[in-house]
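Next come two complexes built around chain A: one with chain B, the other with chain C.
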Partner chain A sequence: MSLLLAAAAGFKTPYFDYHALAPELVLTGVICLVLVVDLVVDETRKYLVTQLAGVGLLASLIPILTLAAKGGFPRSMFGGAYVVDHFALLLKGLFIVSGYIVLLMSSNYIEEGDYHEGEFSFLLLSSLLGMVVMSSSRDLIGIFVALELLSIPAYLLAGWRKRDLRSNEASLKYYLLGVLTSGVMLYGMSLIYGVTGSTLLRAIRPVISGGGGEQPIVAVGIFFVVVAFAFKVSAVPFHFWAPDTYEGAPTPVTAFLSVASKTAGFVALMELIYIGFLGRDDVWAPMFWVLAALTMTVGNLIALRQTNIVRLLAYSSIAQAGYILVPFAVAGSNGRALQSAQTATIVYLMIYAAMNLGAFGVVIAVARKTRSGEISSYGGLGEYAPGLAWTMTGFLFALAGIPPLGGWFAKFYVFRAALDAGGGWAVALAVVAGLNSVIALFYYANIAREMWMSPVPDGDTTPVIVPPALTAAMAISLAVVVAIGVYPQAFARLGDLASLVR
Partner chain B sequence: MHLNAFLLLAAFLFCTGVYGALARKNAVLVLMSIELILNAVNVNLVAFGAFQRSIVGHIFALFVVAIAAAEVGVGLAIVLLIYRNRHSIDLTEVDLMKG
Partner chain C sequence: MLNTLDTWALTLAVFIPLAGVVVLGFVDRTWEKGLKGITLLVSLLTLADGIYLLARFDYGASDALQFEVNRHWIDAINSHYHVGIDGISLPMLVLSMFITVLCVVYSWDHFPEPYNPKSFLMLILVLEVGMNGTFVAEDLILFFVFFELVLLPMYFMIGVWGGPNRQYASIKFFLYTLFGSALMILGFLAIYFKGGQTFDIPELVAKGGIASHVTELWIFGGLFMGFAIKVPMFPFHTWLPDAHTEAPTVGSVILAAILLKLGTYGFIRIAIPILPDAAKSWAPWIGGLAVIGIIYGALGCLAQRDLKRLIAFSSVAHMGFVMLGISTLTSYGINAAVFGMVAHGLITGMLFFLAGSIGERFGTREINRLGGLLVQAPKLGWILGFCAMASLGLPGLAGFWGEFPAILSAYQPAAGLNEALFRGYMVVASIGTVLAAGYLLWMYQRTAFGLPRDEFAEAHIHDIHTPEWIAWTPLLVAIVALGVYPHLLFHVTTDAVDGVTAALKAVGG
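Let's look at the complex of A and B:
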């Protein structure tokens, strides 16, 4: 108590950089507005709430663009606990655009499924706010609060189909694992706070690099934090919740979880590892090596024998997380590897978001007609819906990493990071990643083969009716995937610019 | 008092919580075990804060308390939903999806 009073006496109002906080402020305003508007509009006009949410999301992109034009980075607030720099801006943009695409994909799905529409947009935006805050947090408390703000609405979204037992199960499994993980992460953070005496990442860094980092308790703390985020990004052996949650949740929510939520986990990992724990790469580098190798291999091998497309994409996204973990494993070896590892992670996250969201968009569109998630129901899609079939083929080949689509470039950067690091272990990991890209080609190509070579399963060749919002979602994703494949230099420069530490 | 006494208490609470969360079949007991983990964290944070004469640990603990309440609110809602649909909160029965 005396401590609290002593601190209260010296309290000074912190400095607020309102321009730097504008994206968060706009988003918060839109969230409140959506909540109130949802209360007053009547049941038949709920689509207005979704439209308002969409416009609001685009409005929160404006301050990001003006900030990028104005410059003056890094803009640091609250003693360095909240920083707006190139890294934060780029990822905020990525989160908001992926959130917008998810909103486009979900509007018809939620409307036609007779689910609560207004609350859906509200929770989606709240979760996005958590992600936007996460990209600027440079403090253990900030990262924890952002993580909970993005996770708690996501637990509810996963169970949105209230009367469906699978959706209930998805929500429960996601919730229990998520909360347990938060507890483990907090325990690790409390130990790190205990040793370093601060929650600021930039204050933790010198203590951990110096003598204080030698204590075994620091290794325990880092271990717990990394394990917790391995759960969040569904890395093997902590992946078992992901396929069930992805299969049971409404498909647009699955797209959101597998892209935005996973990206947020990687963003937090980048902040913690590259700023806070950089000095103890002897603790985290081997952990990431094992996680990356296991995640790629197990994800791809289990994906080979899936018959449900959502479950297949779930395992495919686990395997993709494995590729994104590769740069973490090699970042500690030298300065050049640190630089190219950060670029590789950021570039991969951008491309992964576009291609995975697009693939889920096609799955939602096809399920509107077939009402099925089985891969066999994709037979003959090339005959009666060539547009959808071409789009899906594009996303699948991008995910497999075939030039000239975006995916090959992401993988190229991962390999470059591993080769920059050099040494037997890094090269071995690159070889594992290479072998896995070949395995992955089998199941991606299998879906394409089903679409183009197999006959229509029940002879029903009525065309698939795709609503305009869903078309727009797929078009944006496809445009990004193709653009990155054709002009990779532009995105590489973005990735270089957005590095956290140099 | 030694700092170690608090840390040992927190470690004991943490281990009990993790054991309970993994071994219990009743969803409400799992929620209580998770609360134990979060309280272990609070003991750690407050003890470190008090021994280092720094306020940050106390503030962190306040954040943990507030967010734990929100988490459990959502958790109980999900458990209630499961109970309505299945008339049971036995976690071993919630296994429609496998593979």
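Let's look at the complex of A and C:
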């Protein structure tokens, strides 16, 4: 006992900036509350739990706004392992809003499918907490813990349609590959730690870009970490789990995985690459070049042949991840390129979240009537549900990058980052990205063609009944997509503000 | 008051149609009279704005940007809402407004299957937003957004309201153009980085070249792909006949009259003045492709059996003349090109109206099944003859002033270009005019002369309807007016074109 006390004597309470931690604290409180309330409300009133979760999410946005208003960044804690700055705040906001939209989309889905409601909200919020923590982590261990916190609930969510074998398969596949990823990542991180003697990203940077970086083991460490995150963001050739998982998981969860979970992967990559490994672009830049080119091209080419819309959106989201990887490949060339690469990634993530969530919203709405995920079941949608068809058209052509819908600006920023870096390789990658956006148009337009130019397959033209929560989810997404397309300045400014390194 | 209106006039030209789209969105789709009335009113208001511009335009200073507005838009990339017009954009802008009104009038009782006038009229107005916007934009990003804005409505117009093979044609059109735009936007970005981080067109033009010769050649290549596919020039033209054949009449008219001009306009407004040095190296190739297009288009016409497809191929040939004029890089040639753009817009637009009306009456556009139009519908037959004459470049009608000076300009291309080569082009292009006379007269002979075929002998073929008269008369008048008095247009364009060629002279050579 005395020994323990003696050890504790040297322990100093670390500095807690409660205001900076408020979003996480509110979220944690809501998670506990959801768990408790779920125990006491009876079976017929489970929707209350979902509503509580929604309100709680919105409540956790409040401290983000007050923090943004107060300023005084960066607010650093635990020796620089946990930092709240513009970058962290913006992405926390993005995660929470995306999570809120997913909750809106899933409430009726889960209720009508007779799945567990309370636990669904609980797991969704826990995963979101992991993402929120990820935005602030500036430390290898912090990043790992955040990644596990966001992944483990997601494995369960993927299997939520427990009576459906494909959902079970989705969950298992996702789980096994997720665990493999964690292993690979930890191995890479341990090598980095072994060389640098620190888990703090900002302490790692000078060592590996200075003399210690010459050791080949650093390159191996970076390689493993990047490969692990390539799994996480489903970059080719580490993408094969994604289509099966996306197709098998409940559609709202698919939306969540393809947007929020993927964004979290990119956030971690940004922190690792731009803070920790910045000086070693000789190692990671070629890796990202190959990953980006392969991911865009393979994702798009396979998407061309899909007949199921969820699978198609899965491959489309793989291809979109390819565009997001482009800035990473060119960030190392010079200071200005680094700057525009970061902005491009952040802006792309924001716009991508809105367009992809929206597209999944429409898929959920249409499936309520057709009970089918086949693209052919979209025939004649423009006739009997013009509102839904217009909305979907908007999201599809936004994803394809046609002005004046938001997606063009995201792609434009990626091109800008590439040309800002200059040089033959960067320009070549930009051309690959440009050609890929043409390939992608074909399958996006194919869905539009089905909706507007084909007859209704079964002649059933009863209108689609869309619950208000789902309508709200689609409306928010559509508003964002159109607003960005017409006046991108607002988002470009956020992107500039949120740069991780200057 | 007038000054305020001057500032807002161009913005209104772009956004009145957009406001119209929003209003139409709230109108009940079963109230057709209201939908048509609102659309007509909106397009007329836009045209009124165009007439105001015509009246207030300072023709003495047509090389300067007028009605200019320059506001912040996307500061993060230093892109501005910069609009303005000079003597080159003014005719194109007014043409676009004019054609839109006529298309709305023509649509009055000509809605193709599957009907749905609400969506159709909305698409026409969205197209107008894009077209007007492209012609007034003075910022590359603004230009790009408007340039792309026309794709979606045209895709849907062909794909939903088009002929039997519409789905194939619409996606082909979309993919081809997007392929060009993807390279074009990369070119724009390269210009931005090499040209001092600005997208402002006048500012970039003033620099008189922005990068080393080799870099400029590559950038020009990117822009070339974007614009040449839109024109379309010879190897990239295959989307055009399909799109035209399948598109509904109004779609064909807008496509031929305005959308193709976005490409040639891009060359004159952006590619040549910003990259004058590269333009000189590219000019012989552009000229070569242009004359191949002239001959290829004409031969293609001779082999066509579908009236619309024939007119589509004739567009390839006519745009070849326009591009030949541009490729000479002389004031003379580019003036001819601008005139050719307007003339082609009027004449080919009119021809597509006619083809649409003939197809509607007979249920077919196959030339071999038609015949004796002059017997069954004499007025329609005469107007078709008139337009065929105008299209083949008969002196006294508008087509002549686009074609003849373009050929002539190749005799003396800009300094530094290979004279012998361009004279060769000139000879080839002249053969093209003979072929043009051939295919148009042959087409006319087969459709209009003789007696009606047996299958239509008993059919009652209605001569021209009132909405058709209203839509067509202004076009016919304009074709004659410009043909008799070309100065009407040349005096607007000349100074502005001189401004473009001045940039070329500055680089010497």
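Just a few scattered comments:
Convention: the second predicted complex is superposed on the first by the 493 of 502 C-alpha atoms of A that agree within 3 Å, B and C clash if a C-alpha of one lies under 4 Å from a C-alpha of the other, contacts with A are read in each partner's own complex, and residues count from 1 in each chain.
Just so we're on the same page, a residue touches a chain if its C-beta (ideal position, glycine included) is under 8 Å from a C-beta of that chain, and two chains touch if they have at least 3 such contacts.
Source: prediction; values computed, not measured.
Using the contact criterion defined above for the overlaid structures, shared-chain residue A:Pro403 touches chain C, although it does not reach chain B. Of the two partner chains, neither chain B nor chain C is touched by A:Val456. Legend: residue contacts after superposition of the two complexes on their common chain; A:Val482 is shown touching neither chain B nor chain C. Once chain A of one complex is fitted onto chain A of the other, the partner contacts of A:Leu301 are absent, as it touches neither chain B nor chain C.
Put chain B and chain C next to each other and count what each touches on chain A; the higher total goes to B.
Of the two partner chains placed by superposition, only chain B is touched by A:Gly194; chain C is not. Using the contact criterion defined above for the overlaid structures, shared-chain residue A:Leu35 touches neither chain B nor chain C, since it reaches no partner. Contacts of A:Ser182 after superposition on the shared chain: chain B is touched, whereas chain C is not. Those residues of chain C that touch chain A in the complex are listed here as 72-77, 141, 144-145, 148-149, 151-152, 155-156, 159-160, 166-167, 170-171, 174-175, 178-179, 182-183, 185-186, 189-190, 192-193.
Those residues of chain B lying in contact with chain A across their complex are 7, 10, 14, 17-18, 21, 27, 30, 34, 37-38, 40-41, 44-45, 48-50, 52-60, 63-64, 67, 70-71, 74-75, 77-79, 81-82, 85-86, 91, 94-99. Interface of chain A with chain C (complex): residues 343, 382, 397, 402-404, 408, 412, 415-416, 419-420, 422, 427, 430-431, 434-435, 437-438, 441-442, 445-446, 449, 452-453, 487-489, 492-493, 495-496. Interface residues of chain A facing chain B in the complex, by the touch rule stated above, are 3-4, 7, 140-141, 144-145, 148, 152, 155-156, 159, 162-163, 165-166, 168-173, 175-176, 179-180, 182-184, 186-187, 189-191, 193-194, 197-199, 243-244, 247-248, 306, 311.
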